[in-house]
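Paired with chain B in one complex and with chain C in the other, chain A is shared by the two complexes that follow.
And then the complex of A and B:
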């Protein structure tokens, strides 16, 4: 098997390296990916020149993500949600005989463990609110500065994982219980899909936000900008809950007890 | 030396991505441990991400977030009027498309890696091992018994 792998890797690698000579040089602004074919239409140039007029969103990446390629992002979010459900289906075990986690005293591990716990606990107590606030800023400001639903959602999920690592999973679950993260994951998808369906109800295509200006009382261009914030919030909800669900289920073999 | 100057250096990003991808491919095929295979898969994904992002680079270009000097609503209202004189130069900003594609790919990659780890965890629960050959032996033994 090792020999076969080595042969496969060397053959594939040399074929790819042979093709490298035909690629445009690094940093070439006129390469086909950056400027399209000679005299033809280039979608990435269109994004750069027209985003401001189409959507009034300064961050072109967010505009492409949430508006021009809204379908792609919607189904990527669905993939993440399904991944969360798959982990739930594979690992989660119901244990009706187990004691309720609220009744169990938090585990102590001797005097030395306590000293460590004080330092780690205090640091996390100071850090976690800042992390969460910054995550919310990244979500809410995602169409003006680098950021958006995916990045902010991962940060928010990581802050809950930090609680679980610093104290134990029970503490984290008391703040973000299984019922809550499952519901939040669904709500995220529903927000995103809801924006799409709302556009359809107003006689436009799915996720064609411009028409929502009738409900928002702003210009169609600003309606696109506001709707992008809405779908980013939906993405952030789903990503947050799936990130925490992955950690909680993997670290406890699906029992959701006692953590690492 | 000449080969290095003419072929490798102008295309160094492609060389790095090919090398990284082959490390990942080798780990996925050649390694026996399932977790090591997953590590290989992650390295493979990272190589693809590097490939895409490096395609979008333009020398001297800025991040694809133009500063909005005019006020937000004003810009939206006057979008039609100030059209011609205020068009952005496409060569002054990095290509946003590879960034968008990779942004979602990273998070989806994490989620699918989570699924893969969950599956390997339940394999470990059933077979007590994550070595591929040992798992295959146990499967063979159990089918012979039945």
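And then the complex of A and C:
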């Protein structure tokens, strides 16, 4: 088996090396991806020159991600949701003995443990609001600067994970219950998809945000910009929930008790 | 409204899944109507699109309205090829949806809302893979369908299923990575992700001769072959489909490998182009030989199995060989046979898996002896099974006969007699396999002696205990909600067989402007 793996690796590696000889030079402005094949149409040139006029968004990456190829991002969000749901579906064990969860003594009630708790608890108490505030900024400013729903959502999710690590999972679950994160994961995609569906109800194609200017009272170009913010918020909802759901289930083998 | 149909095919199950995910945990009774409603909308949309395509040519849908210039947004495109596949997928999903009404509840008591959410998201994934006209978007939907597939397999109670799901995760991820790497290379060489655009660049510019494009093609093909379980990359399939919950195997086994076959044909004809593949690259002989080996290996491994569901899994491996070989024969009969076989094989595999899942559930046995005396106890289930089995063997007027007929014709016309021989041998093996089961079902299981005179009471005990039958009109027959889909699938196997003329002529019309596949 090891020999077979070695052969597979060598074959794949030499195949990749074989192609390297034909690659465009690194950073070549005339490479097909930058300038089109033989001077033909180039997608990236279009994005660089037209994004501002099309969408009024200074961050081209966000415009490609959330508008031109928003359909891909929509499903990437769905993929993240599926990942969370799959882990829940596989790991989560229904616990009929749920009430005894509160009766369990705290795992480390020793003197040293308590001492650590004060320091860690206070640090987290100070840090978590800042993390969350910054996360919201990253979500809200994604179409103007680097950032967006994925990054902001991960930060928000991490702030809840920090609560769970600093005190225990029950404390985190009191703030972000299982029922809530399962629902919010759906809600995030529903927000994203809702923008798309709204466009369809207004007789355009899915995710054709321009038409939403009728509802927003701005120009079609600005409607695209605002809608991008909207879908980023949807992404952030899903990513936050899934991050925490994955942590909660993985760290407790699906029992949602005490945790690490 | 009609314009929205291509998107509606996958948006209906998507929003259905969200609805089930939100409302399901509160009230489980919501799940089933939503699942069935969403899938019914998909089916109607798919049929509507196919009708439009047959009447007026390919239907395009530009997500986000980015149609000009081509390639900046994502294009969905339905033509005869994927229109047909979409309808079949929708039919399979509706039937398995009905089948799952009780099964999913029994096998995943606590988590049935999550199960149904994943079930609908799987539909989103395979519909999306089929409808898309964008090489990268295809990858995203491969992820959607794979992840849901892994979860649906691992959700069963059998620990072997969970292990198999893990193997599948590893293999599936490798396959998807190869595909993604290939798309990356392709983008590097062509600067495009839209399938039609890549096709044009490969066909008309110097990019077609570059090594990068060639390696991209190899990588994509290797990725797809892993995903479709093309021998010897089939290792993940038998256990994954053999030990997963019955509703999962009923939908995964008929669809997933077939959808990847469709994707391979789409990549061959729609991205790289038939000319480039068969004239510039021209590995027809090698791939047809690989397919021949796959057919033989799949059939022989099926012969060695003692459990019925795993035997069917190895037959899927052999069937993948049929279709890969057919598509690579480089003539229009082989290609049309492969496309028609996607339809036929999806339906007959559905038929067999539904029947076997009913039987396994009823008898509590995985092995061949589950079939003992079943024609007497469950005549309708066995009738459905028999139709699927006869189609697998290739007996007229089932669809399996006609698809083999076209594949054989393609093999003979292109002079690949090794493929023809493998196809015939595999039919023979199928006949042996299924008649062995028929024999048991007719004559086996007589406690008073008969076929197994030396059988002890202890051995036949579990059969009696595991029998959940009640004294209704049909005795041990399964419930209407499980029997209905099986009989519908069986009827469709025959109907698609009888309608082979119009279906194949529509497919052949699609190849008209591909001279490399031979003149009509």
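Keep in mind that, in the parts below, the second predicted complex is superposed on the first by the 251 of 260 C-alpha atoms of A that agree within 3 Å, B and C clash if a C-alpha of one lies under 4 Å from a C-alpha of the other, contacts with A are read in each partner's own complex, and residues count from 1 in each chain.
Keep in mind that, in the parts below, a residue touches a chain if its C-beta (ideal position, glycine included) is under 8 Å from a C-beta of that chain, and two chains touch if they have at least 3 such contacts.
Owing to the predicted nature of the structure, the values given are computational and were not obtained by experimental measurement.
K.L.:
Between chain B (first) and chain C (second), which, if any, makes contact with A:61: first, second, both or neither?
P.N.:
first
K.L.:
Counting only touches as set out at the top, which of chain B and chain C does A:221 meet: first, second, both, neither?
P.N.:
A:221 contacts chain B only, not chain C.
K.L.:
Can A:94 be said to touch chain B (first), chain C (second), both, or neither?
P.N.:
second
K.L.:
After lining up the shared chain so the two structures overlap, which partner does A:193 touch, if you call chain B first and chain C second: first, second, both or neither?
P.N.:
second
K.L.:
In the superposed arrangement, does A:47 touch chain B (first), chain C (second), both or neither?
P.N.:
A:47: touches chain B and chain C.
K.L.:
State whether A:208 touches chain B only (first), chain C only (second), both chains, or neither.
P.N.:
In the superposed model, A:208 contacts chain C only, not chain B.
K.L.:
Quick one: is A:1 in contact with chain B, with chain C, with both, or with neither? Answer first, second, both or neither.
P.N.:
first
K.L.:
Which chain A residues are contacted by chain C in one complex and by chain B in the other?
P.N.:
The answer is residues 16, 21, 23, 31, 33-35, 42-44, 47, 69, 72, 76, 79, 83, 86, 90 of chain A.
K.L.:
Once bound in the complex, which stretches of chain A touch chain C?
P.N.:
Chain A reaches chain C through residues 15-16, 18-19, 21-24, 31-38, 40-44, 46-47, 67-72, 75-76, 78-79, 82-83, 85-86, 88-90, 92, 94, 179, 182-183, 185-187, 189-190, 193, 196-197, 200, 204-211.
K.L.:
Would you mind writing out the residues of chain A in touch with chain B in their complex?
P.N.:
Its residues touching chain B are 1-2, 4-6, 8-9, 12-13, 16-17, 20-21, 23, 25-29, 31, 33-35, 42-45, 47-49, 52-53, 56, 58-61, 64-65, 69, 72-73, 76, 79-80, 83-84, 86-87, 90-91, 144-146, 148, 150-151, 153-154, 219, 221-222, 225, 239, 242-243, 246, 249-250, 253.
K.L.:
Under the stated contact criterion, what part of chain B meets chain A in this complex?
P.N.:
Within the complex, chain B touches chain A at residues 7, 10-15, 18-19, 21-22, 25-26, 29-30, 32, 54-59, 61, 63-68, 72-73, 75-77, 79-80, 83, 86-88, 90-91, 93, 95-100, 103-104, 106-108, 110-112, 114-115, 117-119, 121-122, 125.
K.L.:
What residues on chain C touch chain A, complex-wise?
P.N.:
Of all residues in chain C, those touching chain A are 3-4, 7, 11, 14-15, 18, 21-22, 25, 61-66, 69-74, 110-111, 114-115, 117-118, 121, 124, 128, 136-137, 140-141, 143-144, 147-148, 150-151, 154-155, 162, 185, 187-193, 197, 201, 205-207, 210-212, 214-216, 218-219.
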